[in-house]
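Okay, got some structures for you below.
You will see chain A twice below: alongside chain B first, and alongside chain C after that.
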Partner chain A sequence: MWDAFIGGLLINLQFNSFLYMLVGCAIGFWVGILPGLGGGTTLALMLPFIYKMSPEEAFPFLLGMHSVVATTGDITSVLFGIPGEATTVATIVDGYPLAKKGEAGRALGAVLMSSLVGALFGASFLAFTIPIVRPLVLAFGSPEMFMLIILGLTCISTLSGHGKRGLMLGLMSGAFGFMISLVGQDRQAGVLRFTFGQLYLWNGLSIIPVMVGLFAIPEIVDLAVRGTAIAGNVQLGKLGKGVREGIKDTFRHFWLTVRCSIIGSLIGILPGLGGGVAQWVSYAHATQSAKTEEERANFGKGDIRGVLGPGAANNSKEGAGLIPTVAFGIPAGSGMAILMGAFFLLGLVPGPDMLTKHLKLTYSMVWTIAISNVIIVAVCLLFINRLAKLTTIRGNLMIPIVLLLCFIGAYTSNNDIADLIVLMVFGGIGYFMVKYRFPRPPFILGFILGKLAETYLYSSATRYGAAWLLRPKVLIILAIAVAFAVYPFIQKRFRKEVLSEPDKI
Partner chain B sequence: MKRWGWVFAGVLFLDVLCFPFTIQAAAPFYEGKTLKIIVGHGAGGGYDRMARLMAKYLPKYIPGKPVALVEFVPGASGLIAANQIYNITKPDGLTIVTVDRGLPIAQLLKAEGVRFDAAKFSWIGSAAVEATVLCIRSDLPYKTFEDLLRAKEPLHLGSVGPANTSHQFPILLKEFLGLKINLVIYPASAESMLAIERKEADGRAGSYSSLKPFIERGLVRPVIRGRVVESGIENLPVDEDLTKDLKGKAIMAMRSAGDLMGRPFVAPPGSPPEAMAILREAFSKVAKDPELRQEAEKFMMTVEYVPAEECLKVVNFVLSQPDDIAREFSKYIKF
Partner chain C sequence: MTLCFALISIGVIVQSLRWPFKTALFPVIIGSCALILSIVEFSMSLYETTGGRTKKKKQDAMDFKLSEGVDPAVARLRTWTAFGWIIGFFFLIVLFSFNIGIPLFVLLYLKLHGKEKWLISILMTVGAWIFFWGLFIWLLDTPMPQGWLIRGLHAIGIGS
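Take a look at the complex of A and B:
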């Protein structure tokens, strides 16, 4: 195994492989920054370029691109409040308020450093679990998946504002997201739900226009109304110090970063969940680290921990996300399906062979994820001051460009004009949610998990009848879910009750 | 005299009108033009891969070597693309689309949103057949159809929903062959394959091309196939032969319509016949291109041209079914 481990590194250090990885990183940098344009789509676009490459060149190229996307996507989220990727929405919640306070440098430093920690953790997770990866993935059957989704949904209680009213609003928002996820043809009977005669709605609402609308449009409206730059009238003198501060923050809350990386990796293994869910669970976990009620209330208004958690998780899921594809030849998600096309094209059959015959290549993937993130974070840190200065540009100069990027991003999901309508509709919904203090993160969780919860409940019941409820692993996860759900209330008993209004997130 | 003057002017005018066409006829139809290939499904799937393969190799066989571009119009299982090309796209021979193979079935079932007549498209043909097989986990003791009949426990088969082959093929086996089958629905085929790996599901039905890697790896073995055949599964029993129920036979035959035209390509109704002739010939030639075949093999795809007439025959067969069969069919098959 050590041979393969070192062999994998040597593959990556070959001149051609390294060069292609750099090219991949450069492309991934831009893909991440641009909202909407996702890693999956770009993999499809890059596929023709690998025809003439060897596997040792192609994978550093493709993975180098794919694995830095979440890192640079965080930058867009922090600077503009627009999700650069579907997996970097949670970074907005605390990152953007920091940018508004003129602490963009600190937020960027923290998000880049935590991304790096997350990526390195994710890569080593992949490296060390390779020997036990098959039983690990197979441990989760449909009933366990259903319970994990329930566990994810319990994060709603943590993601809601404080107080009874905050919880109520959070639950309503989550239920609304759940309902929106049911739009489209249902999987069980093929019935069309909430489609109103529109073919566009058959496949359900795409996540990009919904998220960009929900998070970016209200911020753009806000920016237009304020009439200032993103960073308001705050003096932005000591950016460099801010960046250093942000990096230090990562190490100040190092165990939180690591715990969130673990969350990202564990969720990343499970097909269907991935980065979309991992970021929110880790954000919820970060908010739980608040010791006092004031501290908790500061989440959503610019707490650095709210940036560190998702920043780490959406990168650490990258290594783990490869596992189903590499170990079983079963791609989880469209990005991985395209990557699997690359495997075939290069004459490799993903599956158990990758863990024995081609182990070296598998380890070279691990190294690619690690090295490309080190490079991209280093590059970003070099340019970070300039990037952070974007937040001092006058709002009415930024708005047209930012809005254009939002529209392009939304349009790439289906190439349909209806994408733009969805963007605007959810922009409106997002605006009113902010105005009336409905928290948006529970909506997103409900939206991502709703249909999956339904499908897995159905498959558990058709496969096992009622017996699935008594499986030991199901009971264990249920216990954890209950603990998760009541934890905020227990925690509150030991804190002083002070504030009444729930926060705007 | 005046009238003759007008006639003369008219003839002259017509001549002038025709002039550019007579020049063009000398140059190949597609010279300097762009052939747009629309994919009715998302990126990364089988339809996408086939369209890209065609875009790469087709120009070689079209006189004038046009540029071929792939564009996505996904949504509603390919209905959006089909509607668009039927009703909006100009029939100029420059736009073709790879539609969902279930198109005629959607029309027969009067699915919501169908705004086309599948028989009226300008058919180019299909670039592949997609044979359907039922695969069962290799560690189970069932090797033949008879073994399956004798099974005491129901088979838990993975499915991704009633609008999919993985559901439709087994449900007909259950209904007309009396197999004990319990269909378990998963979010996507990736999840249902994983369920087979962890022995939660006992197998699944699907296209032979997508199951082949798992058959070769020894995870599952094929047991029954549909009417359409590919090399490697010739000896499997065919679902239609195993039932004595005439209605069942008809319904199974109708279901297999989509298998024969696995990757259908059509152009808008009323596309210029000369362009269609060029495209059909190009498709039939490209399917034999050694370079393409080599590349397709890497992707574990097989390319086999099914001519337009055969596709139309299947479409008409499905669409001409009497009402009672159509009603019966709609009990099992959804779009």
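Take a look at the complex of A and C:
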């Protein structure tokens, strides 16, 4: 195994492989930054180019692109409040408020460094767990996967606000997201639901226009209302110092970053869940690290831990996502499904052969994830000052450009003009949600995972009847979800009791 | 907003009851949960506003909040204006396609709304168009729809 580990590194250091990896990184840099250009879509666009490549060149090329997309996607989330990727939505919650406070440099430094830590952790996770992960992946069936989705939703609903009302609004928002995901043909019987006679809706609503509309439009409207730059009238200060502060924050909260990387890896291993759940569960965990109610209240307003958690998780899941893909031929997500296409194009079959005959190639994938993230983070840190200065540009100059990116991003997801209508409708919905304090993150999570949740629920009900509710792993995950929901109330009550007994302080 | 939500949930449940079991299972469960949640939330907010306990501070969502430092009347006007520009951009794209709609929107927004100088407006307009054309047309060869006006002109034989 050690020979294969070193052999994998040597593969990546060959001139052609390294060059292709750099090209992939360059493409991934822009794909992550531009909303609408998804990593999965770009992976598909790059497949034709690998026909003439050897596997040792093709995988650094493809993975070099795919593994840095989550890193650079965080940049637009922080600077503009627009998710560059579907997996970088959670970064907006605290990253964008930091930018508005004039701390864009700090937020970027933190998100880039935590992304690097997460990516390295994910790569290591892939390297060392391949031989032992099989029982874990096979232990989770449809009932457990459904409960994991509910766990993710509960976590994010718990964070959505303070107190009972906050939890209620979060759960309502999540349920609303589930309902919106119902639009289109159902997977079980092919019945058209809520399509109102429109062919466009047969496939359901596309995630990019919904996501960009929900998150970006309210921010753009608010920027227009404020009439200032993104950073307001706050003096940006020395950006370099802010970036260094952000990097130091990663090491100040190092164990939080590592824990969130573990969360990302564990969730990334499970096919189908991926970044959607990982980023929010890790965000939930980051908020749980707050020791007081006042500290917890800071989340959503620019707490650096709210940037570190999702930044680490959405990168660590990349390495972990390769495990079921490479080892079992079960794609962990849509990007991995496309990557499997690459396997077949190159004459490889994902499965046991990748862990025996082609182990060096498998380890070269590990090294690709690690090296490409080191390179891209180093490059981003070089340009970070210029990137952070974008938040000081007048709103009137930024708004048309940001709107342009939103519209093009929404259109290019399906090359359909109707996506622009979806963008505007959800822009309006997002605005009213923000106005009436309905949190958006649970909605988007419910929307992304709705169809998957339905499939798992239906499979569970069909196969096990009601008995699936009593499976031990289901009950454990349910208990964790309930614990997440009630923990803030217990914490609050405990603190009240302690404060009411002065001797105990 | 809660009432809207409740009505949507009722609509989902009613519609779902007409579908076969496998299609209706998830919508009925989610619709029912959503309806219960909205009834509870509505009751809680009604209880707080009509008396009983003293009014509690409005719950802060852990999400972006609209800025409050602007006069409400001015904020309302700017909000409507912003949405107007967004809808206007959409119509420019539909009428003229992206190729013309994008530079036209950027120029109009910067000059009419932003009151920016001609130099900046033109530079940004050209820059936006180069970015759009260079990346999406030249590099990615993304198929773009023809605008209605352009299509109409071609239909009557003007330009092709």
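Methods note: the second predicted complex is superposed on the first by the 488 of 505 C-alpha atoms of A that agree within 3 Å, B and C clash if a C-alpha of one lies under 4 Å from a C-alpha of the other, contacts with A are read in each partner's own complex, and residues count from 1 in each chain.
Note that in this section contacts are C-beta pairs under 8 Å (C-beta built on N, C-alpha and C of every residue); 3 or more make two chains touch, one makes a residue touch a chain.
No experiment lies behind these values; they were computed from the predicted model shown.
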item: Touched partner set for A:Y200, first chain B, second chain C, both or neither; value: first
item: Partner chain(s) touched by A:Q188 [first = chain B, second = chain C, both, neither]; value: both
item: Touching partner for A:L171 - first (chain B), second (chain C), both, neither; value: second
item: Winner by number of chain A residues touched, once chain B and chain C are compared; value: C
item: Which superposed partner A:Y458 touches (first chain B, second chain C, both, neither); value: both
item: Contacts of A:G300 with chain B and chain C, given as first, second, both or neither; value: second
item: First (chain B), second (chain C), both or neither touched by A:V93; value: second
item: First (chain B), second (chain C), both or neither touched by A:P400; value: second
item: Which of chain B and chain C A:F251 touches, first, second, both or neither; value: neither
item: Partner chain in contact with A:F383 - chain B first, chain C second, else both or neither; value: neither
item: Chain A positions touched by chain B in one structure and by chain C in the second; value: 188-189, 415, 458, 462
item: Parts of chain A lying in touch with chain C, wherever the complex brings them together; value: 45, 81, 92-93, 96-97, 159-166, 168-169, 171-172, 175-176, 178-179, 182, 186, 188-189, 191, 193-194, 217-222, 224-227, 287, 297, 299-300, 394, 396-397, 399-401, 403-404, 407-408, 411-412, 415, 417, 420-421, 424, 427-428, 431-432, 434-441, 453-454, 457-458, 461-462
item: Of all residues in chain B, those that touch chain A in their complex; value: 42-45, 48-49, 52, 56, 71-77, 79-80, 83, 112-113, 156, 160-163, 182-188, 190-191, 193-195, 197-198, 200-201, 213-214, 216-217, 295, 298-300, 334-335
item: Chain C to chain A touching residues, read off their complex; value: 1-2, 5, 8-9, 12, 15, 19-20, 22-23, 25-27, 29-31, 33-34, 37-38, 40-41, 44-45, 58-67, 69-70, 74-75, 78-79, 81-83, 85-87, 89-90, 93-94, 98, 102, 105-106, 109-110, 113-116, 120, 124, 128, 132, 136, 140, 142-143, 145
item: Parts of chain A lying in touch with chain B, wherever the complex brings them together; value: 40-41, 44, 48, 137-139, 141-142, 185, 187-190, 192, 195, 197, 199-200, 202-203, 271-272, 324, 328-335, 337-338, 341, 344-347, 349, 351-352, 414-416, 451-452, 455-456, 458-459, 462-463
